[in-house]
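Accompanying notes for the structure given below.
Chains: A, B, C and D, in written order; residue numbering restarts at 1 for each.
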Amino acid sequence: MNLHEYQSKSRFAGYGIPVPQGKVATTPDEAYAIAQELGGTVVIKSQVLVGGRGKAGGVKLAKSADEARARAEEILGMSIKGHIVHKVLVDPASSIAHEIYLGITNDRAAAQPVLMASSEGGVEIEEVNRTNPKAIIREHIDPLMGLFSYQIVKVALGIDLPRDQWRAFSKIVQGLYQCFVENDAALAEINPLVITADGKLIALDGKMSIDDSALARHPDLAAMRDTESEPEAETQAREAGISYVKLNGQIGCMVNGAGLAMTTMDMTKLYGEEYGIGPANFLDIGGGAKAEQVSAALRIILSDPNVKAVLFNIFGGITRGDEVARGIIEAYDEVKPSVPMIIRLQGTNAEEGRAILDSADIPNLRTAATLTEAAQKAVEAAKGAM
Amino acid sequence: MNLHEYQSKSRFAGYGIPVPQGKVATTPDEAYAIAQELGGTVVIKSQVLVGGRGKAGGVKLAKSADEARARAEEILGMSIKGHIVHKVLVDPASSIAHEIYLGITNDRAAAQPVLMASSEGGVEIEEVNRTNPKAIIREHIDPLMGLFSYQIVKVALGIDLPRDQWRAFSKIVQGLYQCFVENDAALAEINPLVITADGKLIALDGKMSIDDSALARHPDLAAMRDTESEPEAETQAREAGISYVKLNGQIGCMVNGAGLAMTTMDMTKLYGEEYGIGPANFLDIGGGAKAEQVSAALRIILSDPNVKAVLFNIFGGITRGDEVARGIIEAYDEVKPSVPMIIRLQGTNAEEGRAILDSADIPNLRTAATLTEAAQKAVEAAKGAM
Amino acid sequence: MAILLNEKSKIIVQGITGREGSFHTRKMIEYGTNVVGGVTPGKGGEWFDGKPIFDTVEKAVEATGANVSLIAVPAPFAPDAIFEAVNAGIDLIVCLTEFIPVQEMMRAYRHVKNSSSRLIGPNCPGLLAPGIANVGIMPGYIAKPGNVGVVSKSGTLTYEVVFALTEAGMGQTTCVGIGGDPIIGSSFVDILQLFEDDPQTEKVAILGEIGGRAEIDAAEFIKANMTKPVAAFIAGASAPEGTRMGHAGAIVEGGQGTAAEKIAALREAGVRVADNPEQIPQLLK
Amino acid sequence: MAILLNEKSKIIVQGITGREGSFHTRKMIEYGTNVVGGVTPGKGGEWFDGKPIFDTVEKAVEATGANVSLIAVPAPFAPDAIFEAVNAGIDLIVCLTEFIPVQEMMRAYRHVKNSSSRLIGPNCPGLLAPGIANVGIMPGYIAKPGNVGVVSKSGTLTYEVVFALTEAGMGQTTCVGIGGDPIIGSSFVDILQLFEDDPQTEKVAILGEIGGRAEIDAAEFIKANMTKPVAAFIAGASAPEGTRMGHAGAIVEGGQGTAAEKIAALREAGVRVADNPEQIPQLLK
């Protein structure tokens, strides 16, 4: 789960990291009041969970409170890569002498957190990694030992940080690591960390991503989720305990298991790509397939107007095919979908399950024995409906 | 540094460990008021940093508030093994079904904390160790990993704890370990941890000892030191940065280095024991021997009326003997001690130092070349003054 | 001979009386797996379907000589269960548990790596050695003894491929689900090495997915060290960048970990890569 | 040949520009010790009395080939300095620092034990190999080359005995102060083993004190493994129970760690135990 810039910076501040003393506004008038209070030039920053805000016109300077209101007016309600701006952060503008990148993330391959820094701050670290990988200094952190101060010295040396900044930098890095650990972050990033014209270090922008598996033990963080900005279907799916990601294709997929769900998506694309057809979503209903889960999943899939066909792919392992079939019929009765549905059941009691579905005589429902057959039938059905 | 029972239990409570809801009283009237508020039978417990309070009459039951006032009256001001009672803890009395010992300390040999528990609670663990060592279950804790819940299960099994108490016990042990770590304790002990007649676990008595080396980073704990109860000389020594322990002999010792200070004590006993003469104190003035340190140490030593002679034993390593000699003369001029002083200087510039001392012509001051000679002269001097 | 398990393996289940643990233990016993007991703190001395329950892994090992432990406890207890199994000297630990926080798992991982224990998982379906033992949640009937080794990050996708192999008359030596989390105890490379060394395994199927670089490492290992034919399928070719696809580890980040780069690396290593997992049996014929 | 140090030892000082570090570094250099540089974060590139200063131990090792590090930094920074030296691959780490919290030191201790580094101290006077190198704070003039190995928990008591040996014409191979803290990197046993193995060391003096059981372990080791004569002194026979005598480790607790029990154990092991440290030279004659 990603946090907004203002949420991340507020966390950082709790760990002694200097951040601008800005506030969040949801209306132009609030932006005016904050700018008034701060005095001087402010920067109005759209709070959306997507990169490239600046290029999209979502970050603007304002030299007065009136100007702040005008800029906030422009930015609030904007759509940036499909994300609507509901909040802006009004920060005092800083005079920037130098920009640094500083971040901590989990390095899967090393199974350790890694501290990353670069003297090329202000651009995305992936961009620096492509253009000038040597500019990125990496220091692994032993998860049992924590971060040692000598490692921070190594990083400061590596990015040629002026020596008069080392002490302040060290405190910021220690704070960031503590913040990373205590909040079960998957990413804690300050980009840019700036040296101001008067020689102070300040975290101008911040980004945190929280390990989804750890949200259960951080209710305060879980409560920060911005459900206003995310597609409603994703909120519903999360509440129903279903793993769902909306995509741009026409075939709604309902699968048990994440790997098989990706595979099912891939198959619709494999057979549909030449007709411009592909998966409408990733959806893993998890183990078992009770009617209420199937109903909820079906409703979520159908909430996407692009969906022209639904493909069920259930490999009954623990779950028995006949039970799954009954669950699907119940869900069908409840949701009454009008789009064609292709159902592929495999595994335990799959034949019985297919027989049950066939005898239910649902007009827009067809069964398939293999994944290949199911994907091909789904593509056919979607083509017919386009 | 040891904490009082009430201080320890209040810390424990901060880690979710159930403790009786008592309060501290410094006057009989306060004890009355607390007993009144608590209602029912209370226990009045003297707060002194020494064991065996119960046997000494420092812990008494009171069935009413009036009785509580009377018992507090008796206990406040008592001397228990030389410690004057300034405070009593008034706790509600518990009905005890079973007493358990639970403690965490640092195991030097293993270089790890060790969790100890015994079903024989309520007696000192050293006593159990002597009489029934098998009754003590020990579980080492990896300082990098922390305490695992399965270790608590092992301990619960080991002390035959009723299974319906395991969950509550586990929380208490986890809390105690967290308390031990976060407060840099050298000992965190609940003795007894009782199972009450109605089946609840509660920490009836508590003891914490804080690692002296860690006090600097725990100002809140350092502030809990009970200077009222400790000998004034020890308070003065600590403030002067001198390591001092009062003993019962006649020869005041001033030495540089802890090992040599103990050795010097031992030598006064070796040569004085047959005359009933021994060390009056342990005192390590640390590295260097500036006049102000020497003066402060001399005053502290002489504040003990038993002191009949003072023995200086300084091995000048880094410190030069001539400087030490000058420091001693300055201190002498300031303090003007009347007891005989034996000064043994060795190491760098020791001869020059002795010459300076000799030429200062201080009537009650004699020099010695070896530790043996110095100890013998000090014993002679003390004998003469007895 | 299977890898990791054999007829003498003695298996305990940590969390045997829990919802997941009890269900799968019964299935494992039905399959003929040598389950010698289970662990549930507080229930030591009781019995589960004729198998003794112990309070700690240590007690279970003492009493039964168990050398394999299946962990089927909820996420908040799973890291501790892994530490306990390691400290009790269990040789093979299989952790089913999903949703273990990554930072917890990094600590557990380091502890495992500093020990002589091997960990499979977490967030995995476990191991199935057809005809020998079933340690995990894979439906036993989908497999049959044979000479194909299967290793996968996924659950039902594995069943899909194993079932397809079985239907095609190609049995398996061992089916290993290594798990879909970012931090897992055993990698593709670890298992490929075992298959390469196992005399009964003649062919290998590897089922990967987007995210991380485990499949790239596998490709490098295969190129340098493997003599046996390998077929592969990589799930997630149609997944967008920057979004997690169910598994905590299945995410393309900063252009890294795409299906395309993994497929290219595997092909470069001489692996036959399927577009469709149902092709795997043909590719291994 | 001394133990732990030789003519090729290259020594750095962590905290070389600090109050303690700079003072003792000068003394060490005066003694002829091969100090090749020092470490003070933030002062890399500067010089201290002709020796280069580095920002990290790693940089110092790269540039100088240092294999010994003396740590002379205040307590809050000392554990980190130990970790840094270990992680930079320093063979011998000597930590002078007093007042390191015990729990911090337990963590550092475990890290050292999991590494190939050896730690002497903390809270110790360091090592003096007469005529070869002085790594610590012992006054060099008290010692001279010879065949006695000295190992001690104490500072000035060590000087006392070393000086008495030197005055009696008995030089030393190496004088080792292992430190007076409860948790120390090298025990009496560790150093006794080195003296036993060192061909030049013919006799050994051991200076213990109350608290802990390191001297009991030493007695057991001596009885089982040592062929060379050993003399000992144990400080604190006159100390009361339950009170710390200066050194954090010098405390008799629960009747354990008394001078009497240590003396008895050493005598039982054939060690000549002195009542008075000035007797040590005679006992080794």
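Convention: contacts are C-beta pairs under 8 Å (C-beta built on N, C-alpha and C of every residue); 3 or more make two chains touch, one makes a residue touch a chain.
Predicted model, so just to flag it, every value in this text is computed and none were measured.
Counted as hops between touching chains, the shortest connection from subunit C to subunit D is 2. Taking each chain's centre as the mean of its C-alpha atoms, subunit A lies 55 Å from subunit D. Taking each chain's centre as the mean of its C-alpha atoms, subunit B lies 28 Å from subunit D. For subunit A, residues that reach two or more other chains under the stated contact definition are 144-145. Of all residues in subunit D, those touching 2 or more other chains are 107, 111, listed in ascending order.
Contacts between chains form some other arrangement here, matching none of path, ring, star or all-to-all. In summary, the structure contains touching chain pairs A-B, A-C, A-D, B-C, B-D. Taken in their complex, subunit B has these residues touching subunit A: 144-145. Subunit C contributes residues 41-42, 44, 55-59, 77, 80-81, 83-84, 87, 107, 111 to its touches with subunit B in the complex. Residues 145, 148-150, 153-154, 157, 163, 166-167 of subunit A are the ones touching subunit D in the complex. Taken in their complex, subunit A has these residues touching subunit C: 106, 108-109, 111-113, 125-126, 129, 142-144, 181, 184, 186, 211-214, 216-217, 243, 245, 247, 255-263, 265-270, 278-279, 282, 284, 315-318, 346-348, 370-372. By the touch criterion given at the top, residues 23, 27, 75-76, 98-104, 106-107, 109-111, 113, 137-139, 141-142, 152-160, 163, 180, 182-183, 207, 209-210, 212-213, 217, 233, 235-240, 243-250, 254-255, 259, 275-278 of subunit C touch subunit A in their complex.
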